[in-house]
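Next up: some structures, all given as structure tokens.
The following pair of complexes shares a single chain, chain A, combined with chain B in the former and chain C in the latter.
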Partner chain A sequence: MGETFRQSAFGLYTRYIRILALAQLQYRGWILGLLPSLVYVITDPLDAILLFDRFGALGDWTASRIFLVYGLALMSFGLAELFARGIDYFPNLVRQGEFDRLLLRPRPLLMQAAAMRFHLNRLNRVIAGGLLALVCLRAQGAVPSAANIAMLVLAVLGGMLAYAGTLLIAAAVSFFTVGDSELINLFTNGSYQVAKAPPQLLPNWLRRAFTFLMPMFLFTYYPAAAVCGWDGSRLMGWLALPVCALSFGAATLLWRFGVRHYKSVGS
Partner chain B sequence: MSQITLRQVCKTFVLRKRQKGLLGAVRGAFSREKELVRAVRDLSFTVEEGELVGYIGPNGAGKSTTIKMMSGILVPDSGEITIMNRVPWKEREAHVSWIGVVFGQRSQLWWDTPVLDSFELLRDIYRVPQADYRRRLDDLTALLDAGSLLRTPVRQLSLGQRMKCELIGSLLHNPRILFLDEPTIGLDAVTKLALRAFLTDLNRREGVTMLLTTHDMDDIEALCSRVMVIGKGSLLFNGGMDELRERYAPYRVIRARLARECAAPDLPEAESVKLDGLNAEITFLPAKAAPAQIIARLAEACPLADLTVEAPDIERLVADMYGEMAL
Partner chain C sequence: MRARMKPYRAIFRQQLLTGLQYRAGYWGSTITHVVWVIVRVAIVGIFYRYGRGQAGVTLRQAVCMIWLQEMALNLMPGFGMDFTVWNKIARGDVGYDLVRPLDVYNHWYVSALSDKLARFLLAIVPVTAAALLARGDMGLHLAASPLSILAGLLTLATGLAVSCAVICLCYAAQMDVNVGDAPSRVMMIVSQILAGSLLPLQLWPDALQGFLRWQPFAAMMDLPLRFMAGSASLSELPPVLLSQLVWGVLIWRLGRAWIGRNLRRLIAQGG
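The block that comes next holds the complex of A and B.
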């Protein structure tokens, strides 16, 4: 690897991840470590599978529709957890006073925070979500055109940003208050559970919350609908990345505000 | 202009008090009693390039807060801090590139991987060119005799070995200023001596400015040309070690062992005379009374078996100072 790359922010991020991954490979149990989360990922959609098996489709909503939406959400969340695990862990970091160490290094704080933790087992969600989405796309007879592929890729990237942004908000809040922010879990772990239900059947407030507040349906339902030709406008399918990038940007501002607060108050 | 300048720096923390027990915890969720703690008040001092300054004070006196403010981690409520012509928290990245910080109680190395992995990551974090890194690492490991530690995972190092590695890690980027927060805490005597020798040498050869906090007065005596004492957030003393002694412990103690029992000698020029069997302890002020005279009068009164003149123990001196602060 060239020195310039190594010293660039992105190169440095990969070096941080590398050292953490190496540390995990040192323990022989790392393969075992994959298992629990794999079991969790596989068993999680069982309830929906059994329901569909027993009762068939819910109106337009067949199993492959539901699981396409769910798969996209799962993959996005998995990617965010894979690359921004450190942000998820961040509140603990602040509580233990470890944030000081980040401040002592001449590098952007957000990059350092994201790279503080890395867990290989988070790949489970990415792979499971991706496979699920592929199988469902086939079942739905989606056309693998360049535009469709681009739309789905951008949607998943947007989803990753949206989830990373949500984790970042939790991190920013931890500068002000010590304690668990269970509320945030509603928008992370809770959100792809919601993806298991057809949005039309959700109460209005819940659907709106997951379209605008945490724009999950923007990066799952609408791109899927556009690609598979269900209903609604194709334009909605393209909105995922720009909207999610905006929400990530807003989360970044809140985080910066939190850092300023930390520096003036201490922990 | 001085390398480090603090001018009337103040820092107050808000402590939220919670009552114990379940009821207290529930109540605390809604309203909390606040207490203001003035960690640092009107603190002013300067440090010149190449100085080695000891920064001492009891626990909670404001030492760590000062170091955190100088490192750019905390922003003072009021006052000015200028280090190498920069305001630390305003130009954080530029500032921290030139300083090294070692916390005795907190590691900056990656716990599970060999030390060398941490060093290489630090090399990239601080953008040290490979050739410089290589040379620097060789120098530092040779000086600290740490070559055999590099392939060991950090978690398997002893405290002393880890401290050596922490020092190397904090110096790889060639900082001009080194802040050391209790670097010798918990170390054995041999490692302490090795670290002191290393720090002195680094300070002489490279002119690295050092400011260290410690509770070990031997550190201060061995290393520091100047000592600053902080108590309750303000500077109580700022000067040389001799001056500190003169101001706070000007007395000397003569300890004599008498050859046979005799009556307490009459020594009007001494501050106090204690006689316990064959042991005599005479405290006097060199400014008021010449030691030779006191010893001569003592020997006249009683034959002496043994005799020493001692300066007060620095540990004791500081304990007295801290005690006075608490009043």
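The block that comes next holds the complex of A and C.
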């Protein structure tokens, strides 16, 4: 008992996740439970596939280019949903008054919030996105050098942070509003819909929104362009992780601001 | 007959009015949907402009379909749905619905009808306003004659009858403990896609058009919207109504039989 009490925040986080994962594996039908989300994930890129089938490549932009960008975004989002599912669920926690329970525990709040939920079916996006990206990298003839692999891994990690930060902003907003903030979907599920077309051909405001506001193209398009040698500078490919880490940091500050202004209604 | 219909009419009226009241997140969700359409329209437009292939429908018609879909999607199974009945089945509260002196199937059918209709009505004004404000090719251009628009609205209404039968079929699958909730969730996703929610069905491969035209879900959304976008002529009206009638009756009977079978095997626990 004494040993568990001294556990680090990260150790406690992995313990929470492990328990939640094992609990889901107790159901005999857990594999079947992954099915709906799998169907959803697999059918999502269908519109772009059908459009490529009908209209063919868009200049330099072949299907494998588009789906490399899309796959990287999908995988990043999947990782964020897998490991920060609790943050996604956080607004409900505040609404139902359960956040007080977290405040009472002498453990880091953000860690507790992130570890409140864990859903195995979120693996679907990670695996599908990863496989899609790999297939497309092969089709694009990318060189699997150490630098290239490192760039892509760091980009996906950056993407995970950017999506986790987006979920965290929604969580922070929930301290001040009661309603569902469905708007945030535009920057989570909606963001990789935008990746179904070449960024250069998108309307300017849309491309800028997903480069600067929610830096989706920064952790997908630029690393992919650097690795496959499309165009642009290699430096842009390395920017993903530092920029996304900064945006996650900013989201954390906003969330802390929300925590400080949280008014419990007691029970 | 009138007396027998009375409770269902009351449920429909009461739930429709509740549905039309203020909803949490109404504006947030409306803005999300409008931006969503603009993204979809932009992507389809890029393929039309920079791709080399041909399509049977014009860009204007495709864009029109996508705008109309954003309203009509509210009539589809699983889209922004009221999961009350669903959750009742999952948690066992369904017992309350079983003790009422009502036919359970009709009760759930009428609830689905009022829920879907309320969502559809709420979406009309903001989405139409946004569609008319959007500029150039991105905007809504109803290319059709007033008669075609009427045909579209009529078949959308009759299509709603099919959609609610599909929703009840999903409830039946959800009730069947052997099957679990995965099949009904998958059914909802597949029915939306085959209703054209990802991409208007006329942009799918030409080789599939025959199948897509006659499968049950096209009649819920894609076929009615074709009239309004002007990508189908009025001579298509009888076959669409026929498809809706045949599939509607079939799915209705299937759902009824399945729920009936579930009820016979249901064991209500506790009090």
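Here is the rule we use: the second predicted complex is superposed on the first by the 256 of 267 C-alpha atoms of A that agree within 3 Å, B and C clash if a C-alpha of one lies under 4 Å from a C-alpha of the other, contacts with A are read in each partner's own complex, and residues count from 1 in each chain.
Quick note on the criterion: a residue touches a chain if its C-beta (ideal position, glycine included) is under 8 Å from a C-beta of that chain, and two chains touch if they have at least 3 such contacts.
Computed from a predicted structure; not experimentally measured.
With both complexes superposed, C is the one of chain B and chain C in contact with more chain A residues.
After overlaying the two complexes on the shared chain, residue contacts for A:Gly190 are found with chain C alone; chain B is out of touch. Once the two complexes are laid over each other on the shared chain, residue contacts for A:Arg54 go to chain C alone; chain B is not touched.
In the superposition on chain A, A:Ser264 makes contact with chain B only, while chain C stays out of contact range.
Look at A:Tyr40: by the touch rule set out above, it reaches chain C but stays clear of chain B. In the superposition on chain A, A:Leu104 makes contact with chain B only, not with chain C. Contact with neither chain B nor chain C is seen for A:Ile149 once the two complexes are overlaid on the shared chain.
Common to the chain B and chain C interfaces on chain A is no residue.
Against chain B, the residues of chain A that register as touching in their complex are 3, 6-7, 11-12, 15-16, 19-20, 22-24, 26, 97-98, 100-101, 103-107, 263-266. For chain B in complex with chain A, the residues that touch the partner chain are 13-14, 65, 68, 71-75, 77, 89, 92-94, 96-97, 101, 106, 108, 110-113, 117-118, 120-121, 124-127, 129-130, 153. Contact residues on chain A toward chain C in their complex (touch as defined above): 29, 32-33, 35-36, 39-40, 43-44, 46-48, 50-59, 178-183, 185-186, 190, 193-194, 196-198, 201-203, 206.
By the touch rule above, chain C contacts chain A in their complex via residues 24-25, 28-29, 31-32, 35-36, 38-40, 42-44, 46-48, 50-55, 180-182, 185-186, 189-190, 193, 198-199, 203-205.
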